[in-house]
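Two complexes follow with chain A in common, the first pairing it with chain B and the second with chain C.
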Partner chain A sequence: MTLSVQDITVKYGGRLAVDHIDLEVADGEVAAIVGESGCGKTSLAHALVGLLPPNAEVSGRGVLRSDRHPALDLGALKDWRGIRGRRIGIVPQGAMSGLSPIHRVETQLREMLTLHEGSSEPTDLLERVGLSAGELPSYPYQLSGGQRQRVAIALSLAGDPDLLIADEPTTGLDAVVQGKVLKLISSLGISTLIVSHDMTGLLPYADRIAVMYAGRLAEVVPVTALHHGRHHPYTAGLLAATPSTDRSATWASIPGGAPAIGELPTGCCFAPRCPIAAEECHTEQPLLRVVGESEVACHRMDVANTATYPAVPRATSACGSPVLTMTGIRHTYRSRSRTTIALDGVDLEVGRGEIIGLVGESGSGKSTLARIALGLIRPTAGRVRLGDDEVTGARGQRLRALQRRVGFVHQDPYDSLHPGMKVWSLIAEPLVIARVPRGERAAKVRAALASAGLPDSLLDGFPGQLSGGQRQRVAIARSLVNDPELVVADEASSMLDVSTRGGIATTLRSVATERGLAVVFVTHDMGEAIQSCDRIVVLRHGKVVDAGTCSQISSSPDHEYTAQLLAASHH
Partner chain B sequence: MSAIQASVPATPVARRGRLTFLGGRVLEYLAVLIVALTLNFLLPRALPGGPLKLFGSPEALARLTAEERAQIATEYGFGDPIHLQFLDYLHSVVTLDLGTSLSDGRDVTAAIGDALPWTLLLVGTSIVATTLIGITLGVIGGIRRREGKGAFTLTGAIVVDSIPQFWLAMLLIVWFGVKWQIAPTFGATGPDGTTVAGLAQHLVLPVATLTITGIGYIFMYTRSSMLSVLTSEPVQHAHARGIPRGRLVRRHVLRPALLPVHTLIMLDIGFLAAGAIVVETVFAYPGLGRLTFGAIAARDYPLMQGTFLVLTLMVVLMNLLADLTYPLLDPRARTGGDR
Partner chain C sequence: MSAATTAPEVVARTRRHDLLGRQGGVGTVLLSLIVATAAYGFFFLPDGAGKKRVGQPYEAPSGAHPLGTDDLGRDLLNQLLVGAGTSLTLAFIVAAVTTVLAAIIGGLAGIGPRWLSATIMRGIDVMLVLPELVLFILAATFLGQSFGIRAAILALILWPVPARVLRAAVLTTWSRAHVEAARAMGAGQAWLLARHASYLLGPLLVPVFVRTAMRVIIYDATLSFLGLGDPTMPSWGTTLYWVQVNGVFLSDAWLWWAGPPGLAITLTVVALALIGTSIEDRLNPNLQESR
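Let's turn to the complex of A and B:
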């Protein structure tokens, strides 16, 4: 089976989302379309299977050839009966929440088998995806995320398809599970097109990677060639922007943000962010041409190796006196039917100017610990001290006074900024709440904005006009405006594109150094913690399993679990 | 994802048996019932005016001496301190001896017993009609909306839902009863006693009123529930997996979409079973609603307490029933989310 995508273009109401893409998927090959949010990768995949919304206009051809069926042009297809599920298996995005909640696994598998005239049995399908027949009577809510993803893959295999299209098959899964799911997909022996934002996670499992940027292909490269030879500056940037678990490597970020759909600059669309852009890059659009083993769309391939991106700085001075001291923290959640021990005797100390990484997978208790540090929830047992003051027993006025000394950056910069408030009011709000006199506010807001690395010109805008990275900087500025001693950043970069994550880490480092702040950085990404923090605390099931400086954790982890996490995010 | 949800799957959790679940629910509802009974007792007494004021003509009342007033009050039990009255009330609820009506001297339990079957007949018929029509239209409306159509039906539903019951009832009486004289407008039985045809004829207009005014609500609820399920991930994914439209709607949309509607209808039955006050009053239908109306107008405490008791019991009972039947429809609710 081969799939050849020829000149596919997708427009939403005239705005170009996918711009004349050509791509081949060879027989048995695992190809991947990689890019950041809004680059058009999902639109392209959906265009190939007729799942675009009605306002989308598609042109171009996607020819599916196989020995078993006549050739098919997916671009011109109107009637999709007998195609989806039978010739093309689809693992949709967010498959974890996409199984029918009210039917048993067996019922769902049988439905697909009957519908697509599959020849296998439900048990065989489960076996193929590495699940036992014991899961047949389960409902999806009884399965873990990884198991649900496997069931979704089994469902897509029921019709014995020629081609598998998997859209972000690892989103929402823990790092260790992500690798297992990708390994499964690559071992199925079916021609596969994976759509993903995580290039480095795919490397061990894909054969070829197509890097998309702003609706166009920047580069198509065999995975084996990715780590040597010359590459598109964007590909190189993506690689450099993925934090390595090796402390001696550097972590970079690509400045700026991707252009919005329909607002493509003339010339190369990466030129505004490119460190080696020349004049022609701004005027003339580069076309894909063969460079070594890859195809690259870049005018500057002769100097491509000189492209460097700003690196995330490390601590320059030792940390000062302790700001946050947590000892023996236990926390239990009780609900109607169950008791969950979220934290079981955790100690944590953060000093002035220090960034501490709180690493753990979902369910490790890291968010609970962050909330306790913020004074939002009261621990079941243990002591929390902020500087020389006891937080543990504080209530009412005294607690609020203590909370004002702690800043908070939420995970989601899209939800945490009120869309109807101007940037100025968003940042000034903590001052209003703390009853800071009106006259003193302006200076503090401007100082916080500058610390967060944003220009004054944004103050009059609304969050809707900002990119994800800029929004998160506004959130950082808001957390800084009241001159806190401690900032808690809960997964502050996890919703952002890879290329801008390092920028947030850089900002946090500079505020920690300049303002002598203690920072608690909560993350599930080991690499990110190793690259941007001073010390790391690894949490699992509410217990600290490992703690130490980044180099210690990175080179000689004490605990087997830490080693597992390192291996899972080892790129 | 909140910390609580995030922490749940990692740690072992205590499992509770089905019986404990049932028992727990029943206990909860008993607590609700006791609170509601207390309110039932207190609310009539919080109304301005009292039974004495309506006991006779204003002139006759004015002539009563203080002792005579006290005597009447003692006779009917509302001269006692309020906590004693409350204990009396609880006792009467438990023994189902609800006392005698102040306005016509009838036994309250018997009065309610006479009215209840009429209400059940009237309300039962209209609920079946409302549910069938409302859900059917709602399902179609939801599917059509997904295709960009159906704005007209929605407007229609909002208009129908906004019609006041008494106004529609009067229109129906004027047209069908007076102008065309094709349906009776008064009472539940004809002059020839209880015949099936007579019963059915007398049901037509009240049931029509209740159904027409009730459809909009169920329609809109079903429609929006359909819409949210149609755009939900499981349905979108089923579509992507190649499940054809008809099957998609039948197997993957209907059941989840009707889950909230089921709860809504159960609660509706609870409220309506205590009598459709407006419709029964306008059509002089001898059900609980009219009884309640009369009791309130006369400040007839025992009768009010009695009819409110029925209302309370019905609502609590239907709530409980909704709670207990929900797990049959939704597997996720069967084990409270545990494995």
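Let's turn to the complex of A and C:
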């Protein structure tokens, strides 16, 4: 055992964030702590390396053993010098943007080697992470995201640690690169603890997965046993909630949302969202016990296989007349020194009742295209038509009148809702702007709220009191309230938890069907697009490389790049 | 994610309750005392106090004239009290005008068309390279010394720096997601400003106001000291001007003649600086991070 965590508890001002966790990491094993935001996984990892904020209280033991050093109790440790970096290597969250922008890679590696008295050379470290010595004189800005993450991993290896802790090592990377980085981490041969929200992405690379929910372990399972046998309903739910690129597989969502810290229900924390919860689940907290090859904390393991979650519906009707027509869209961003071509001759047509998936990685121009459709950006060339009206040449009053016929769901549900406006005024804002008579507003707001799947009771609240999923539903309600012809959802689910993404897609589908809306769904997740859209347009470097119905794209992609994207998100 | 989003909200809440902090509290108390003094000078002293001859020239402090008298036998304490009113009124009027000017020009540079923005920014750059004080002295020499003209000159000289700051703030605000969402709804600029940007930009005007007031106090005192103020109107700078003209520094009289107005200027500037920096520390998101 390299690391054995015994009974670790973390509290923030009396509020329980991590509740008596036991976990072991064997020599050379890649273990992963998986869970959604707020489940306590990062608190646990930070507790192990003494990086919690001062208001946190930690109890319990974390014993670090190795053949080279005496055993060490991380729980009782006060002086972390010589521990972090030398015994435990850390790849912090967002490590790739944490590199010094003004020092060369070599200087940064040497600094770490000097600091931790490492014996290797910068070249060796780069070689271990799959970079050539040619990158030594580079500055971080000259490297791609994946390369920078590799440098961050090389930095954590400088002190030759016994244990590597990687916190969300793939956040901010494109799907294709994510796999490569995880593969690298798993091939290092060091005992590793990965903290991640993306369970399915880890499957090919981790040995064991610990699923956390609301500060407790729901299940600890070897990866090989994950796809058969009985599992915790939450684990099963997470698997079902990850969109598959296989169109025949269903995509589900777990209803409700995770409890906030300090507001844990009695009994099993997952019981309020669990499809098979029984009476005892609400009263008595289940303990981890061995079931088959895994350890599961659930009272209902005997019926665990019957747990099913609501599936995201597919299109039922054929699409109608075109609502949005974009032809020959070209857009260039000009700065002083260079011109960047964001879009280069893109055509797009969206019909009534149809959901179009606009798929591409960062820098593909998908967000620019969405903003052109919204009239926020004027394209350099090309035409945009909304119904029978020309958007491209419109300015001032006429443009704003056209914009009122389009709904917009922004990527970031935390920033896209004015924090000082109540939910009611947020949803009614498009009506106020469009000068809809006061008497008609109430009915429209309530109808939009219902379409977005929210209860009326939220109308008096402020967005600060809502969860991410609820906030995004408010944003959807706001986009629907003025009866638009088109809704543009820009990465609408990318900042949400896996378990709630399907719910947003379900909502979008139902409004597309019920209200005959055309929806442009921008996403970087191929699986999500295949599961929730009717047609997919794949963008790369500002050009459409592939387009077709979801089943065409998923079964027989025309372009090599589409195939790569499919492979990267295939689980 | 929930931990990450609740944390700033908690910070925001505690911040609102504690807008000034101890440092700003001290500044506020100081400034209130000075304003109260000025108010006393304005409302309770008889007309012409500090302007009329009330005693012998060069009197040392006594019960009748606690700070003595100047070369014309005018009461120095009265001059100090009436001068407080002059200096503070000028400071606040100019600060208000400058803030409004900076907000309008900075806002136009932020959201106006590209050519307007470029013109304004280059104009500001030109203003910034001109030496403010020399410009101010020259303008005051040729345009006259009345209160209104001094206020106008100061406001015209002081707006460029805050306008630049506010333009940057407007640009940041305009890239916020909820502003973009409102723009996509077809909201006009006025709506965006009133509903979405005001709560982000409004707080930034406070430090602009306070800092400008501080600089006005200094510039006005400088000008009066150089004899470019209104010599008949008692003000802190004018008193210092007479100190210099009469060579008071050669005698003991500087202690009660030059000392009080000098101290008053220093205290006012310190008070404004304390308030300004502590408010800015709390409201400026960039400084927020480094705290």
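As a working rule, the second predicted complex is superposed on the first by the 570 of 571 C-alpha atoms of A that agree within 3 Å, B and C clash if a C-alpha of one lies under 4 Å from a C-alpha of the other, contacts with A are read in each partner's own complex, and residues count from 1 in each chain.
Note that a residue touches a chain if its C-beta (ideal position, glycine included) is under 8 Å from a C-beta of that chain, and two chains touch if they have at least 3 such contacts.
Just so it is clear, the model here is predicted, and its values are computed rather than measured.
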| item | value |
| --- | --- |
| Fit or clash - chain C, chain B, common chain A | clash |
| Partner chain(s) touched by A:E429 [first = chain B, second = chain C, both, neither] | second |
| Touching partner for A:Y141 - first (chain B), second (chain C), both, neither | first |
| Partner chain(s) touched by A:G38 [first = chain B, second = chain C, both, neither] | second |
| Which superposed partner A:M112 touches (first chain B, second chain C, both, neither) | first |
| Which superposed partner A:F408 touches (first chain B, second chain C, both, neither) | second |
| Segment of chain C intruding into chain B (one of 8-16, 62-70, 134-142 or 188-196) | 134-142 |
| List of chain C residues in touch with chain A within their complex | 1-5, 9, 176-178, 180-188, 191, 195-196, 199 |
| Contact footprint of chain B on chain A as seen in their complex | 49, 51, 54, 80-86, 90, 92, 94-95, 97-104, 111-112, 115-116, 139, 141-142, 144, 152, 155-156, 159, 333, 335-342, 362-365, 367-368, 371, 541-542 |
| Chain B residues touching chain A - in the complex, by the definition given at the top | 1-4, 6-11, 13-16, 148, 233-234, 236-244, 247, 251-252, 255-256, 330-332, 336-339 |
| Chain C contact footprint on chain A (complex, rising order) | 17, 37-38, 42-43, 258, 260-261, 374-376, 399-404, 406, 408, 410-412, 414-421, 429-430, 433-434, 464, 467-468, 475, 478, 482, 488, 495, 497 |
